[in-house]
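The letters A, B, C, D and E name the chains in turn, as written, and every chain counts its residues from 1.
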Amino acid sequence: MLLTEEKPKIGQKYVDALRQQFGWSILEEAWQAPDQVTVTVELNSLPSVVETLYYQHGGWLSVVAGNDERPINGHFALYYVLSVEGNEQTPQHEREKCYLVVRSLIPPRQMEFPAVTPRVPAAIWYEREVRDMFGLQPIGLPDERRLVLPDDWPEGLYPLRKDSMDYRYRPEPTTEDETYEFIDVEGEGIVQVPLGPLHITSDEPGHFRLYVDGEYIVDADYRLFYVHRGMEKLAETRMTYDQVTFLADRICGICGYAHNVAYSTSIERALGIAVPERAQYIRTILLEVERLHSHLLNLGLACHFVGFDTGFMQFFRVREKAMKMAELLTGTRKTYGMNLIGGVRRDILKEERVQTLQWIQELRREVNELVAMLLDTPNIVQRTQDIGRLEPKVARDYSPVGPTLRGSGFARDIRVIHPYCAYDRVPWTLTYKDGCDVLARTLIRADEFFESLSVVERCLDTMPEGPVLTEGFRYKPYAYALGYVEAPRGEDIHWSMLGDNQKLYRWRCRASSYNNWPPLRYMLRGNTISDAPLIVASIDPCYSCTERVTVVDVRKKKAQVVPYKELERYCIEKKDSPIKG
Amino acid sequence: MLKLIREVLKVGQATLPYPFAPVELAPGFRGKPEYDPQQCIACAVCTIACPPNALTMHTDLEQGVRTWSLFYGRCIFCARCEEVCPTGAIRLGHDFELASFSREDLTVRAEFRLAACNLCGAYFASAKELEHVLALLDQAGLPPEDAADRKALLRACPECRRKTDLPRVKPLIQEAFNGRV
Amino acid sequence: MTLAALIGVGIVQALLLLLAAPLFSGFARVLRAKIQNRKGPPLLQNYLDLVKLMKRQEVVSEQAGWVFHAAPYVLMSTMLLVALMLPVLAVQSPLGVAGDLILVVYLFALPRFFISLAGVDSGNPFGGIGARRELFVSALVEPVLLLVVFVMALLAGSTNLGTISCKVAVGALPPSMAFWLSMAAFAFAAFVEMGKLPFDLAEAEQELQEGPLAEYSGRSLAVLKWGVYLKQLVLVALFLALFLPFGGMTDLSPAGALLSVIAFLLKAILFYFVAAVLENAMARVRFMKSPAAIWLALGAAVLSFVFYLAHV
Amino acid sequence: MAEYDIKTDSAYAIRPDEAVDRLKGALLKDIQRSCYVYRVDCGGCNGCEIEIFAAITPIFDAERFGIKVVSSPRHADVLVYTGAVTRSMRVPALRAYHAAPEPKVCVAYGACGCSGGIFHDLYCVWGGADKILPIDLYIPGCPPTPPATIHGFAVALGLLNQKMKASYHLQQDDEHPQLLHPQLPLDLRIQVERAARRMAGYWHGRRIADVFLAMIKNGDPLKLSSTLQEYLAAQGDPRLSEIMHRLEEVYLAWLADH
Amino acid sequence: MDAILFLLLSLLCYCGAALVALLGGSGRAARQAAGWVSLIASLAGAISAAMAITASSPPTFTLLQLPPFGALALQIDPLSAFFVGLIGLIGVATGIYGMSSPTVGRVVGFFTYSFLASMLLVVTVNNGFFFLLFWELMTLLSYFLVIWKHQDRQTVNTGYLYMLVAHIGAALLLTAFLILYRQTDSFSFRLWHQAWISPGVKSTVFLLIFVGFGAKAGMAPLHFWTPATYSAAPDHVSALMSAVMKKTAIYGLLRFCVDLLGVSAWWWGFVILLFGAASTIVGAFYALTERDIKRLLAYSSVENVGIILIGVGVGMFGLAVQQPILSTLGLLAALYHLLNHAFFKAMLFLSAGQVIIQTGTQNLNRMGGLARRMPWTALTFLIGALAAAAAPPLNGFVSEWFTYQALFAASAVVSFAMRVFAPLVAVSLALAGALALMVYIKTYCSAFAGPARSETSASAQESNTAVLFSLFYLAIGCLVLGLGAPWIAPRIAGVVSQIAHIPAMAVSSGWQVFPVDPNRAVFSPLLTALLLIGLLAMPLLLIALLGGFRAGRRSGVEPWSCGYGYSSRMSLTASSFDQPVKATFQLLYWLRTLLDRPFQVIAEFSRSMVRLILRAEPVVETIVTRPTARLVESAGQWIQALQMGDIRVYCLYIIVTLAILLFAIFGRSGL
């Protein structure tokens, strides 16, 4: 969209730096918002550009979107979305934070692109996904396996290509048994423990293959995307762009509203709609209410997974209050359906406000007691401390998000870095810890819970007047922009491009867990079977949003097999990890 | 451990008596969509708005019948239908006890007659919708001759309407083209 | 009491334990619900569950051999045998002619052998891990149990269950530090053997999906569950027989019988109550850390032995 | 879209078995007071799963009816299928079905489980559990609330009766939809309703607009302001006052136009 | 004389069997013939034992007189009879096994049967010199059996290690015997028993003998040769070595320390007790982490020798403090366990042998699922495993029960050391028991339960009838020894009273056994067994009452693996089984690794030393070694299969040993 010249362009200096370094490879820049810029680069320099942004300018890989733009410009396109936040050498106040999208076009006769993964590991899943959905071959990607598409999907059928198939086309299954090849871990007597897809602790399907030596996890591999339903295709076909908000709710049954807001803001940004202030506040309140019940859920589940069912039950008992709050404010406990493009569907009147404030008081008191009780419980700390360590270096390489990242010492929260809704208007503090373990992540959630209560309270107290909905805006064909929200699990990001028929041309929604899955393997290694469910839960995974785990150590360019003896030693001594670095 | 025991004793039994007593629901709770076929004009706005296609409509132009149907098994309780319904024929109630042994019991169907074009005799719109629009025209308080004109026009199918309207529209179109060229 | 009377008492008490076992586990279940601020299931829920399971089809994995089929029955029969031998209602061991305390301790190993084997035999990956955990924990607990048994036997001068029980009941063993510490160590060991949280490592639902139980279904599951309930109650009865044998019959009389039944039920309820509070107020021990907890019990047992040597 | 439905001749496909069907009646009697439930998530969004969780937690406590969520399908009496049955989950879902003892009750849970919900016709789902296996009970909802879950189980076990009935309405001759606020001019009504919706959303908006329109309809237009003041004073809600005043403005502007 | 006749018959038949095996060719017929002959030999041995044990005085038979060393006489006193019986009973099993097992070929057959004969001689000879001679012969024959099957470097090294330890032990024995000879001027056992020897000398002799026999018995910490040796030897040889040969060391200990010398100090028993306890613990722990099925069984033998030694220790302590009850209990427990162990361990080794033949591997991780392929072998293995894990009421438990009772009795005596240590030893026994349970569950699980983890394992065949017959023979033996305790224990107690020269005491009445004092404890294995079986009716009754039999059963479904397709790699492996123990008791395993190294170095060193000697002394080689070798060579072309180097070395060993012996004796008489 067009921007008037006076508006400051945050992030211009990164674009300039790129132009300086890569010269003619930078073909084009387009601004979608003051802090959103899309830079088209020549395909062969794609990996270098992304690497430069990632490692030299403090970039974090948010999402990669593939797009079949043949009907528009005759090419396939790749969008590498990075949140560029300035490197550590830059003084804090000078760090500009913007979303810089690196775009490259792939001619349809070529159908391949140089993989970024060998340079930036965080891209591993994205590039596998692009291969699955568009049939674009990432050259140099170490992992040949499917990621998103099920095992029984026929070869050579790429769902997201515009000309491949009807969205309803269901090919006959090609196989009745799993054909996915798990990594082979060497070592005498290594047992493969399957976790899932139907496991009591994962309330959602996902298959983990733990390679265990006795109780110790030597390595892990995973197959996710059991929940791949194809909603991106759905949004581009059956639904109109304003119905997609209701679909976005159903990306995830817990943090659906965050997706909803992310989607709505992406469209609103693309269409240049000014959302009323009051609606922004209401969205903020509901986002935080969602965080309330999501964090209580995670705290409860953490108790459940260590066998402390009383804690689980207590947290769930209190959580019902948050659910009632959601029901009162939105009419439903979970999938709120509160957003329309341009605003929200319900206002908050006195009754709701008073009741909510009262529940907040009660929640604050009760959860305070429960958290104190939890930390007071014998062996809780023993179960969580130094378990499932996510080393800062691994975290930096894989761009995890949310409490998972903040538990490893990074103060990174989209609400601060790229404020949206009303987060820059109500005061709140960011929590991060450097324990790198399950305990740190759990405590962050507890802290954030109380912070959320305050945010809701403050928003309710300072809500501005005015309408909650904008109507009568114009639909602009082929406009595109990013929408982002810090969901309870971390940054949700949506890249939406409108079509020309009241529908979306392309919708790429990336849930927070998507970025948290790949480093999970590193968190599992060296722990015991007892810890596995807890570690998985500590990233508070949302399978359905990710819709997808197999990681290959991309730095070594192949499935890395650590000598078994080394791992055995590590498991016992717990130092000098052979996996590090 | 002591903190836990204290908490447990303080709270006591938290379980609600449901189903032996009704549960308390928020006033704005979005429960089962209650359909009032009397009020429905089979205008299809809801079926277009419905994101999961729980509301569908089948029009049989041969028989002059339009069947509206709602499948609770697919409903996502978003209340878009309530939001868009012009006559308030569908409202989300507070009922949530929808469990059912068959898909059939989760369906609500309503069959409406279509109005036939007073010019060509083809079925074109739901009779109730037409009736409702005509009533709205009355409510709109238009000048009587204008209203009669419009009413007459509305009783024709879109095809016939276009044909009827052509003489009036033609100069306008020509003007527009001239302006461009 | 005459041998016939004793055997009669034995049969009665074995039946009593067998029939009351689901009740006590149900009681634990209700307490668990109460601690979670829930209304909880009816007290007799476990009976309903068992009766239901009996009527359900049995599904058997293709990997399972006859050991898998035999294990639940072995568990129940062994536990019944122990139930026959314990001085529960009488202060004497009703079936003392069959064996002594050492036999009892080793009898617990027999079903463990079969259940663990069955866990692996079913081919279920978690069954195997559960079996391994069960054995590991019991390998650690066994020495504790035996040392305590030895101390008690030395105090009483016999490994005969009835003799020890009698001596404690009539106060022939002056309460000493050795006695109290033995009691503590044994209570702990029994608690661990009962597979209660935080030591339900073999059946850890969240980690192992009930471990060796996972592959069982229908009547086998019913018998297995019943056997597990019985094993728990038998362990409690063993603890009570050794350390709190008060209220047991010395002669066969209706009043004595009634009194002994009531006394036993009260003591067992107390044990289950304390166990329920403990198990619901803690997280499961991290499996690889469980030895540390058990060393503590071993420490207590050793200390009781030292006190015995020092006549304290 | 019949042509896109599953036709697979899978080794796991479920073959009809009359003997098992006959047993089902007896089963209900057995499991009425003790019912083990196994959850099979066939690709749901997590909403249903967490609501099932919520149904076993203190506030709703399904265990008081003897309902217990178990961790192995071998123990199950009832299998609860959630999710729209994604392609990858078809075989695991069937494995769970075969792993459970016969006879068993299969429940389709949530909009997705019942029919595929919003995803019903997508390429990577099969659109509801009943496409791949026989379903005995449907529990709609998105997601069903914990009370709905408990009600559903009670119905499945025959403890409560089903409330839903299929209905078929045939248009009658005397059927006339009522006009909303027929006494008021159409454009005023529409303007007020629109403004109310923009200010307070569809749900509050309609109620507020109805109150406001009733005031116009019943009262003297000149006294509207004071009636409104009285009403708002009684309500004591600043936000409501703001909305009502905005509606008043709309009304006054309309009056000025006419 | 009848007993002697049978003994001679037995010896002759064994020799005959050896010759038949050697000369009969490699065919099936020869194998069977040899097997039958050896079967007769074993039965004769058993009969001889049965006769001797009831004889009023020990039957004796003098073969020849060799003046400087005394008479080569065979004597079957109750102790000898007990061991003759043991050899006979186990010999029956190996004989039947040998008839059909392809491993018992010409050479192996020859050595096996001669080995049995040599053991018979060891336990019946009543002269120190000849004892040592036959002892050496037994070692040499078993050595050949060890290195026979595999000729790789590892096995040869193992052979060296075995020989080295055996000879260090033999050297100690030799020293002890020479001391006794100096004291008594005779090699005759009778004189050794009658002579007065000062307590100091006695103690020295005791220590030498204890270490010497301890090494042979595989007592910790001298056990390190056993796993390698047993693992290398053919399965029936491992069975014989573990079940019988080891026991000859116990025989030696009892014969010399208890019978001949008489226990003169309380600490003798105490030392044995402690070493026994250490062996149980070490054996159990190390067995647990093995994944080679034979090494595992070997370590388990270490554990069981420990249990036997505990009994011996308590018994000897009882003798020293003149507590005949204690002695009776201890020695009874020891002998009983010795017998039990022979039965179950022989069975375990034999069935393990079948498993190895079928799967082609000794690695437990690569077996699995054999219970469906070899149900009968699995059943016998299971019985053996239960017995070995001391599950009541099988034989393993009965003897452990006696051991516990012995320890309990010991903790009640006045000696403070015993009061402290006896209960602790009982705890170590309990720990070892629990670990043994784990060991055998692991073994059964990895080999027989679950899915097949290799192709050979998936296509395994049931053992043939003869093998099964021998396995069932041993399994029934286990049951009989367990349930028949009230009838068997008094017999063993009788033997004990004879060895220890104490009055016989009642240890059983009716169906019960008790530790002399029935008030202290009673145990009725038969009643326990009957009740266990009878009570199985209870669950069945419950099922019947609650209508459980009407519900059907459906089998043949995949194991539930969380909804994912099942694969055999998901089932538990042997290595995975013991990892928690390994991680918890790291120190113990670290010690083993640490200690293993020097032993390997010693073995390597001795090997090179032997080479050096050979090279330096070509004279000896031309004069003695080569002719001997040629002689053996001429016995048949089969001998070429043996590595020449080895034969030379061991002939050299014998010669050197004899030379030292002769020098010592004649050197003295020359003085």
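The definition used in the following text is that a contact is a pair of C-beta atoms (placed from the backbone, for glycine too) under 8 Å apart; a residue touches a chain by one contact, two chains touch by 3 or more.
A quick note: this is a predicted structure, and the numbers were derived from the prediction, not measured.
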Any chain that touches chain E and chain A: C, D
Intersection of contact partners for chain A and chain C: B, D, E
B-D against D-E, pair bridged by the larger set of C-beta contacts: B-D
Reference chain E; chain at largest CA-centroid distance: B
Geometric centre distance via CA averages, chain D-chain C, whole Å: 48
Intercentroid distance (Cα basis), chain D paired with chain A, Å: 28
Chain centre separation in whole Å, for chain E relative to chain B (CA means): 90
Mean-CA-position distance for chain E and chain C (Å): 37
Contacts with 2+ other chains: residues of chain A: 177-178, 191-194, 197-200, 205, 214-215, 238, 246-247, 250, 310-311, 313-314, 317, 331, 335, 345-346, 351, 377-378
Two or more partner chains touched - positions in chain D: 40, 57-59, 61, 64, 71-74, 91-92, 95-96, 99, 101-102, 117-118, 121, 142, 145, 202-204
In chain C, residues with contacts to at least two other chains: 35-39, 51, 55-59, 125, 128-129, 132, 205, 209, 214-215, 218, 281-282, 287-288
Interchain contacts, given as pairs of chains that touch: A-B, A-C, A-D, A-E, B-C, B-D, C-D, C-E, D-E
Chain B residues touching chain A - in the complex, by the definition given at the top: 1-4, 7-8, 11, 14, 25-30, 49, 51-53, 76-80, 83, 92
Residue ranges of chain C touching chain A (in the complex, touch as defined): 32, 35-38, 125-126, 128-129, 132, 197-198, 200-201, 204-209, 280-289
Chain C-touching residues of chain D, taken from the complex the two chains share: 30-31, 33-34, 36, 57-58, 61, 63-64, 66, 68, 70-72, 74-75, 77, 99-103
Residue numbers on chain B that touch chain C, as the complex places them: 1, 4-5, 8, 11-15
Chain E contact footprint on chain D (complex, rising order): 40, 72-74, 91-93, 95-96, 98-99, 101-102
